[in-house]
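Multiple structures are listed underneath, in structure tokens.
Next, two complexes with subunit A in common: one pairs it with subunit B, the other with subunit C.
And now, the complex of A and B:
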């Protein structure tokens, strides 16, 4: 068996795909991420997410390898050998799976080593990493089984494209119990980013994804063995795999989102109600004190500068929050506490400025300076929108119309405010800001 | 007897490819002649356990190939070269022969020496590390023969083994057949009557799924003494038997 496996490993089709996999890793978004904030949780999930690209390749290579006997017309000759066809098939499958797994593990190790030099918070999350490995192996086995059951020239590309579609659909799983089944896709992050920073890690989904991948592998192995003639054992293994996948699907469908935005499955919940992990924030800024989780300390200077620039025209005006805290990602809107602390969702930075993804947070933060606590862009009146628009524009950013609805009158009012002298503008803001927040002011 | 077939029949749908053949073969080289479509390849595939007979009884090397328990030890002592050799182009000669040595369950300790011996016997020693895709058609054929003899088979079945071999290689191959035939049963299906004359102890001639002649090459030649078609005695005998069977 070992010698047979050695030959198969040396001449496996997946080996040819390794350069392709290397290129994929280079162009994968994880590359740019390596230069940004290094969180163990984030990197672990990035590595797991590569399954969406590696999985289809592994499945295609598996199907192509499985079709080898038909393609080269070797079926007759192989059928006359005494070694069981199932053993022969499983050896070939194992070789394909080993190369696919190596295609995942080798770059993952490189990324983990890089991360160990950069990481600001947490520790490697084993379950997402394991889940990715199991999923790539399952993809290879699934492709191989398809290649055996439906041998044909087009099986490999069809399997690869089909799996890519399934993984992509799963990655889009959002809410609702039916959609939760899609979260079994290994392309769906098994751990929420918040859970790796602000909350204890919730392993429910990762465990179910691992179970699903093992189930798919079992079903594929069973189908391969069944096709090779060992009907009874093949059927038993395949059935066990399908049952495992079904059980994982049922369990994930019973889940709900917890406070940390992670999918919680009551039957697996071992932690119970999740409380945020205590931490001591790091703060900076001049006019406004800006505080972030220590995991994000490297972006504090940029964030404090951007938010202070936004609030600068409101200096010394009444009611301005004295502190802004960056909170977990699940916060859907800006909120102000009674003690004058504004809590905002995470802000993404790009180099020494805010990233494009941060526009909504930037805009709603500006609005939060001038409207009532808890109000969103939709509830703001024209005066609030006009002042917010001015704050955003003077800070050097454009307000996206989709985040703060504007009109020609609002834009004209913002322009009039900008055209005033600094002293006149400050006087107007100091005089009217309370009325603006109360929703009783006219357009500037 | 290494091959004992009685009433051996194989149908594909309505077509009868092999029609109630009786065949008993001991050690030696047995040549199987016949025109295209006579049923030679189907007969060899049944003897190689690649397909099952539709009717009749068959015992090979003392085993019943339709019995699951008997098939494995039988296949361990079987060598087979199909008419169209399916091979993996990226395998080297050594790997390909080793692959089949392992599939034929040669004891691990003997695999390497068996592979080396098979490669040497087929004259491929210098190309052992070459990939199959780099070999000529004749060399690939010799690789096919090497994989067929790697387990020192008790029953060796060769379907058109000399196709693609040059005259010098064919001479060497006939010597190899005679050598193996001393202790084993070798069944060679071929179109080339000169191969039969040079290497075979006995010869059978198939037509329309039946064996219409069995005897020695000399006996086949004698059948064609007065036949006008053919350049050599064996060819004339071959043509005469076919003509008689068709009439």
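And now, the complex of A and C:
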């Protein structure tokens, strides 16, 4: 049996794909993440997120391996061997799964070792890491079962592409475009990263994703055994797998979003663990005090500098927030409170810039400077957008359409503001900023 | 004789089945038109996945069941393959045009899949396009647009259009000349 497994490992289709998987690991955005603020939660989720790239390749390789005998016309020849067909099938499946798991585990270990040198907060999250491993194994088993049940030249390509589509569609549950059940996709973040330093990790979704992956593996194993002739055992295992996936789907559908934006499932919930974690903020900045969670302390100077540059033209104008705090919120919720504190979500900083989130962070923060307290970015009027656009442009950036949809009139107004002399501009801002915040000002 | 040859060829390549799958993938693309809108990585992947599916169907459909016997028996094969690729690509263009897909992206992905099929074989024709789509999604996640990521460019970008069309032409020529191994 061990010898058979060794032969299958040597002759597995996944071997050819290992260089492709290695390239995928190198080009995946996890690389740039390694230079950012190192949170154990974030890195664990990065590793789980690679499932969307590795899963389809594991499934394609599994399907490709599964119909190898069919492709070479060797089905009858192998039927004469002393091993049971189910044993042969499961050994081949195990070899595919071992290679797929290795493609996940080996680079993951490297990333975990790097993170252990850099980490500023938390500890490795076992459940997302395990979830990724189970999902890659399940993808391999699913592809193998499809290859056995529907052998043909279209099977491997369509299984790989179809699985990528399914995983991606599930991940879109984050945007609300897809039903809650999509969160069972291992590509959906099983831990809410926005809140991972503010609240204890909520494991509900990770548990259900693991259960879903185990269920898919069970169903695929059952289908493989059933196809090999052991009908009763195969049907029992496949049914158990399908029931497990169904139960996970029902449970996740009954979930709701908690205060930390994590998906919480009443049946698995432990109310006591959702208390915010205590921490002492670290502050910096000149014009505005910027306070961050200690996990983000190493990049406080970059953040404070970027936000102060944005607020510079509003210095000494009435109503400017006196402090910017990080909190467990989304960018769409960025606003100034009535006590003059502007709350922003944690920002992952790359080098000396705000990184991929720079445009939405600039946009929402600039709007919060010129909005009335308590108003979100979506409620801004044209005059507020024009002043915000000027603030962003004078800081050397440009606005994006998501939070600051601009018309020619708004762009012209921002340009007029920029064309004034510094003294005239400051006078205009000091005189009109209250009306701008109240929503009663005309375009500059 | 010619009509009969083409008929037998299309049956051996299961062209009817290919066209049905292309229609289904175009339908799926239409169904995810809401989710596949926007600049984020997952939306871009959702836009590209049906195009890869159409590409792999066009490419895997080129594989024949007769192997070397067929290669040694006919000098018509390159023309038949060329006709098959052009016909299935044309049908895919029509079906995806109805679902509001960028023809540049479709052409580019069919070309890329055909080139991969010519180099690695029909069973592996999905590997490079899938990896490329994932790489593009990764760049979109980082809010970057490197020169090679033409699917991320705006609709009117002539450089991206040229890359997409060049891939299609190269793919059709390679697949017609060599088939899929």
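Rule of thumb we're sticking to: the second predicted complex is superposed on the first by the 356 of 444 C-alpha atoms of A that agree within 3 Å, B and C clash if a C-alpha of one lies under 4 Å from a C-alpha of the other, contacts with A are read in each partner's own complex, and residues count from 1 in each chain.
Methods note: a residue touches a chain if its C-beta (ideal position, glycine included) is under 8 Å from a C-beta of that chain, and two chains touch if they have at least 3 such contacts.
Since the model is a prediction, treat every value here as computed from it, not as a measurement.
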Subunit B and subunit C placed together on subunit A: clash or fit? fit
If we overlay the two complexes on their shared chain A, which of subunit B and subunit C does A:157 touch? Say first, second, both or neither.
second
Winner on subunit A touched-residue count between subunit B and subunit C: chain C
Let me test your reading of the model: by the given contact rule, A:359 touches which partner, first (subunit B), second (subunit C), both or neither? second
Thinking of the overlay built on chain A, is A:64 touched by subunit B (first), by subunit C (second), by both, or by neither? second
Q) Now for A:416: first (subunit B), second (subunit C), both, or neither, which partner does it touch? A) neither
Once aligned on A, the angle formed at the Cα centre of subunit A by those of subunit B and subunit C, in degrees rounded to the nearest 10, is 50
### Message
Just to be sure I read the superposition right, which of the two partners does A:10 touch: subunit B = first, subunit C = second, or both, or neither?
### Response
first
(Q) In the overlaid three-chain picture, which partner chain does A:83 touch, first (subunit B) or second (subunit C), both, or neither? (A) first
Report task. Identify the partner contact of A:73: answer first if only subunit B is touched, second if only subunit C is, both if each is, neither if none is. Result -> first
Superposition result for subunit B with subunit C: lowest C-alpha separation, Å, rounded to 15
In subunit A, both subunit B and subunit C touch residues none
Listed in rising order, the residues of subunit C that touch subunit A in the complex are 17, 21, 28, 32, 34-35, 40, 42-43, 45-46, 49-50, 52-53, 56-57, 59-61, 63, 122-127, 130-131, 133-135, 138, 141-143
Residue set of subunit A touching subunit B in the complex reads 3-4, 7, 10-11, 68-69, 72-83, 88
Given the complex, residues on subunit B that touch subunit A span 45, 48-50, 71-76, 78, 80, 82, 84-91, 95, 98-100, 102-105, 108, 111, 147
Listed in rising order, subunit A residues that touch subunit C in their complex are 16-17, 20, 23-24, 27-29, 32, 52-53, 56-57, 60, 64, 71, 153-154, 156-158, 160-162, 164-165, 168-169, 171-172, 174-175, 177-178, 187, 356, 358-359
